[in-house]
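Please see the structure below; I have some questions.
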Amino acid sequence: LITAETAADWLRGLKRQANTHKGSYGHLLILAGSAGKTGAAILAARGAQRSGCGLVSLCVPYDLNTILETSLIEAMTVPLPTSSSVLNVSDLATILKHLDDKTAVVIGPGLGTDTRTAELVLYLYHSVKQPMVVDADALNILARHVDQLRTPAGPRILTPHPGEMARLIGRNATEVQENRLDAGKLCYHRFKKKGRELVVILKGAGTLIVTDNEQVLINTSGNPGMAAGGMGDVLSGIIGSLLCQGLSPTIAAAAGVYLHGMAGDGLYSENGHGFTASDLACNLPRCLKQLLDHLS
Amino acid sequence: LITAETAADWLRGLKRQANTHKGSYGHLLILAGSAGKTGAAILAARGAQRSGCGLVSLCVPYDLNTILETSLIEAMTVPLPTSSSVLNVSDLATILKHLDDKTAVVIGPGLGTDTRTAELVLYLYHSVKQPMVVDADALNILARHVDQLRTPAGPRILTPHPGEMARLIGRNATEVQENRLDAGKLCYHRFKKKGRELVVILKGAGTLIVTDNEQVLINTSGNPGMAAGGMGDVLSGIIGSLLCQGLSPTIAAAAGVYLHGMAGDGLYSENGHGFTASDLACNLPRCLKQLLDHLS
Amino acid sequence: LITAETAADWLRGLKRQANTHKGSYGHLLILAGSAGKTGAAILAARGAQRSGCGLVSLCVPYDLNTILETSLIEAMTVPLPTSSSVLNVSDLATILKHLDDKTAVVIGPGLGTDTRTAELVLYLYHSVKQPMVVDADALNILARHVDQLRTPAGPRILTPHPGEMARLIGRNATEVQENRLDAGKLCYHRFKKKGRELVVILKGAGTLIVTDNEQVLINTSGNPGMAAGGMGDVLSGIIGSLLCQGLSPTIAAAAGVYLHGMAGDGLYSENGHGFTASDLACNLPRCLKQLLDHLS
Amino acid sequence: LITAETAADWLRGLKRQANTHKGSYGHLLILAGSAGKTGAAILAARGAQRSGCGLVSLCVPYDLNTILETSLIEAMTVPLPTSSSVLNVSDLATILKHLDDKTAVVIGPGLGTDTRTAELVLYLYHSVKQPMVVDADALNILARHVDQLRTPAGPRILTPHPGEMARLIGRNATEVQENRLDAGKLCYHRFKKKGRELVVILKGAGTLIVTDNEQVLINTSGNPGMAAGGMGDVLSGIIGSLLCQGLSPTIAAAAGVYLHGMAGDGLYSENGHGFTASDLACNLPRCLKQLLDHLS
């Protein structure tokens, strides 16, 4: 079980030393958003910023750049010249150039499943050396091409909700929910490649995490007020941010899931449901501080 | 009379169970907005999000997509390829595809009354199976084509203010206000089709609701600080959201109207008039919680 | 002297009756903004909305519509088809059509002084029957064409700061400041036309108002924290809003000026300078309530 | 050492007299931002506005104007007709025209290092008479053309972080950090031109300032929660704003650095890290007031 105590202990490494700068806390690259779904990219970025990531950049389709720059003052964007409404593999070279100095990657929120986007996702899943959080439509793309997946070049964290998990393991959502532990383990085994760290997060009430050595963790924070659009996007940003700040994939996943639920719990107990994913992101610093103060 | 007690009782079904997800709280489709009036669409979406709707999508004219995506982070949009500044029936196929998995529909805020929009509204009024909140310009369109209206395929909630009501029943606004009950009943009979649930909401001080079996309800919440642009748009979103969360049309209408007025009352008693419709939407969670806490 | 007591007394008419609707509080048309100066239009609209105007619409150059719709959720815009970066007299017909049902007009903030804009301003200054607040660049345009001005068709409120006043009366700003009363009276006599109400507001510390019968009023609210861009734009919106709510030009001007300064005073005493014009607009409802509560 | 006492004393000149107007507090011109990095320009402007600058204008690439006008309501922009995604020397004439009536200049945040931008930066560094804050990419441009730099026409404040400093003095960042004082002095001597005031600010924990007569100041405010994207952009805006309000380059630099750190300290002690640069800008007025209240 993941509790405030375990989460606080895992986050110990986030306590900041005086003599540090923004480079000390990593640079996250987010590959997310498509026409109609830019909000997912925005929310992932906010999750990252509000949990202490040093720098956040997003590669975005050219036509959507105005939306993203207007909504994300503190992040940088890379408008991709040949991607108009979705991320297109034709911009691979530009993306690879920008990947070079990044600490971690989030891929998937609001991406859509266009063929040209799918090619890009599959290529990056395979070749990126940095730890990568794979979420939402990137998971739907993996699900359709399980047979094509080769050993990834770095650690991977998959963050399916039950519907996405169903697609990943070829079952339906009801079956997944009836036996969440089995689903999590099955997914882990299907995507695990020797020598590469893998973490599977099955979201939903009592989020379940399967990590290497088949260690299983179950989250105790969170509430049904978080059953609203965009909450998962914030989570992917949080985990990416914790990776950037030097936590291991397993700990970033487990502590991130707890922190995310805790931020929702604060809002839920205060005003019930009807809070937004943006509200949740804004509540992260307060919760993070509460956990870190716990330690001393 | 609709009071805090009756509203709380009706909203009992909104108490959330632990083991639920965003799909449990429905997916609302909003058809609203045109060049110059995108705010109406934004406010309907905010009303829905702040009253607990699981997911909110909007079909929007292509040229207005940047405005809507920038303003609505947690909602998704569908930029309609052949609609430039108003919703155009030429995009019917795209709209129908996106209607498929939706729980309820809001149509009308800020739509304008262009001929091509009117064709779309009339077609959807007739053919959509899901419960549909019909507001603002969609009502003005219905008013001009009363003779063409055929039996709708699902429940309908009409939400005219006195001016729109006047157009719907062929009187003037003064006559409507002089006998609001008569106006409400006349409208109900004019639009009621056998076998299809109909709710008529006549907005204004003491909002009046006429439902099947000619049940009449009168709201007790609300205040003249709400006499400002955009307040009605938020109401349509609230009702759509309550439909998405499983309430019946009559109860969604009655409880929605009470909740809307209550959110305005909180703002009015605190700071008098000069609050905006966005402010009102933000105040919804607190009021909803107060009503639900009432129950236990 | 304008004090809290006199302002409260003048604002008595703003106390709201239960049985009213947004139409009861007027519809303001704002003609403001140009490429690079859309903020002025936004701030005028916010001043109007936050002081209780029923509805606010803005006629805006087509290319700037995205900016204005994104920033003003509760207002409506009319994108002018042939005005690209500035308001152009070529769109006169559209503007006149939209003027028809408006209660009052604000013209000038951020307009620029393009020749084609000047033609529009001069035409409207002459022909609009509704009360009109003339501010900023509209004043600069009047100053250049004093000899062309004919009797306006309705009441006019001019709101120059010392620099604009200097241009209006052909002096320099230092001369204006050395004898503000003389400047105000001189301006009044230069622009007064028989049978048309005129109010001249000379802004600056101790804002001075000259009205018909040469009545002179001096404001006692306000502070040097308000010496920042955009504050005047909010004032023009407030006065337009008070006109819409039925106050006479003199009272709208005098009470508006007091309310504006009072909203700034609240912010200044709390946090010193560094507040923005948007902050000031948000503080209006609280101040308005305080004044109205004064009365009972 | 720069402490609250020294900072308050330096800021004494910011206490506002009643009989002042926005012109009394200067007009800042910001040259910043490029496609993907408009946030840097926005944050510099917010830093300036929140520390009391009278007026703020930005010269911006034409295609980015919508983003900047939407995000900066109280500032004015000058959309440069021939600059599309970066500031281009081809718009020099327009920029010079707008420089005429400005009190101070900030150049650099988010500019990029395009050749055509570099030409512009070098020209302005040389020829602008007003005090100029040179930050971020403008520093990177100077670093590449040290040999071309001629005597500037006015005071210059350079604000490198250790990485930028390394480029300016031809070392690496580790060397800079190992002996910050040496690096600061070396940079000062490399860029100092006879008869022109120069201030070098080496950012990072314990920000160090080298000014004329080799006076060295070390800041005592600030915290590692400020190690996030955009914080430096806010600082450049603050210093520009203090210059506009009449402080000397040395005092604007020293007091600005203290104020910036103090605003971060307030946020850090309240909620730990995870605050944004926008949050920091919003906290400036409160800190400024605290310092000024200190004096009386």
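Miscellaneous remarks
Note that the chains take the letters A, B, C and D in the order they are written out, and that residue 1 is the start of every chain.
Keep in mind that, in the parts below, a residue touches a chain if its C-beta (ideal position, glycine included) is under 8 Å from a C-beta of that chain, and two chains touch if they have at least 3 such contacts.
Computed from a predicted structure; not experimentally measured.
The pairing of subunit A with subunit D is characterised as different-residue: of all residue numbers used at this interface, under half are used by both copies. Subunit B and subunit D have centres, each the mean of its CA atoms, that are 49 Å apart. In this assembly, the C-alpha centroid of subunit B lies 34 Å from the C-alpha centroid of subunit C.
In subunit B, the residues that reach two or more other chains under the touch definition are 66, 70. Taken together, the touching pairs link the chains into one ring where each has two partners. A list of each chain pair in contact follows: A-B, A-D, B-C, C-D. Partner subunit C is touched in their complex by these residues of subunit D: 16-25, 49-56, 65-66, 69-70, 72-79, 284-286, 288-289, 292.
For subunit C in complex with subunit D, the touching residues are 35-39, 42-43, 64, 66-67, 70-71, 161-163, 204-205, 223-225, 227-231, 271-278.
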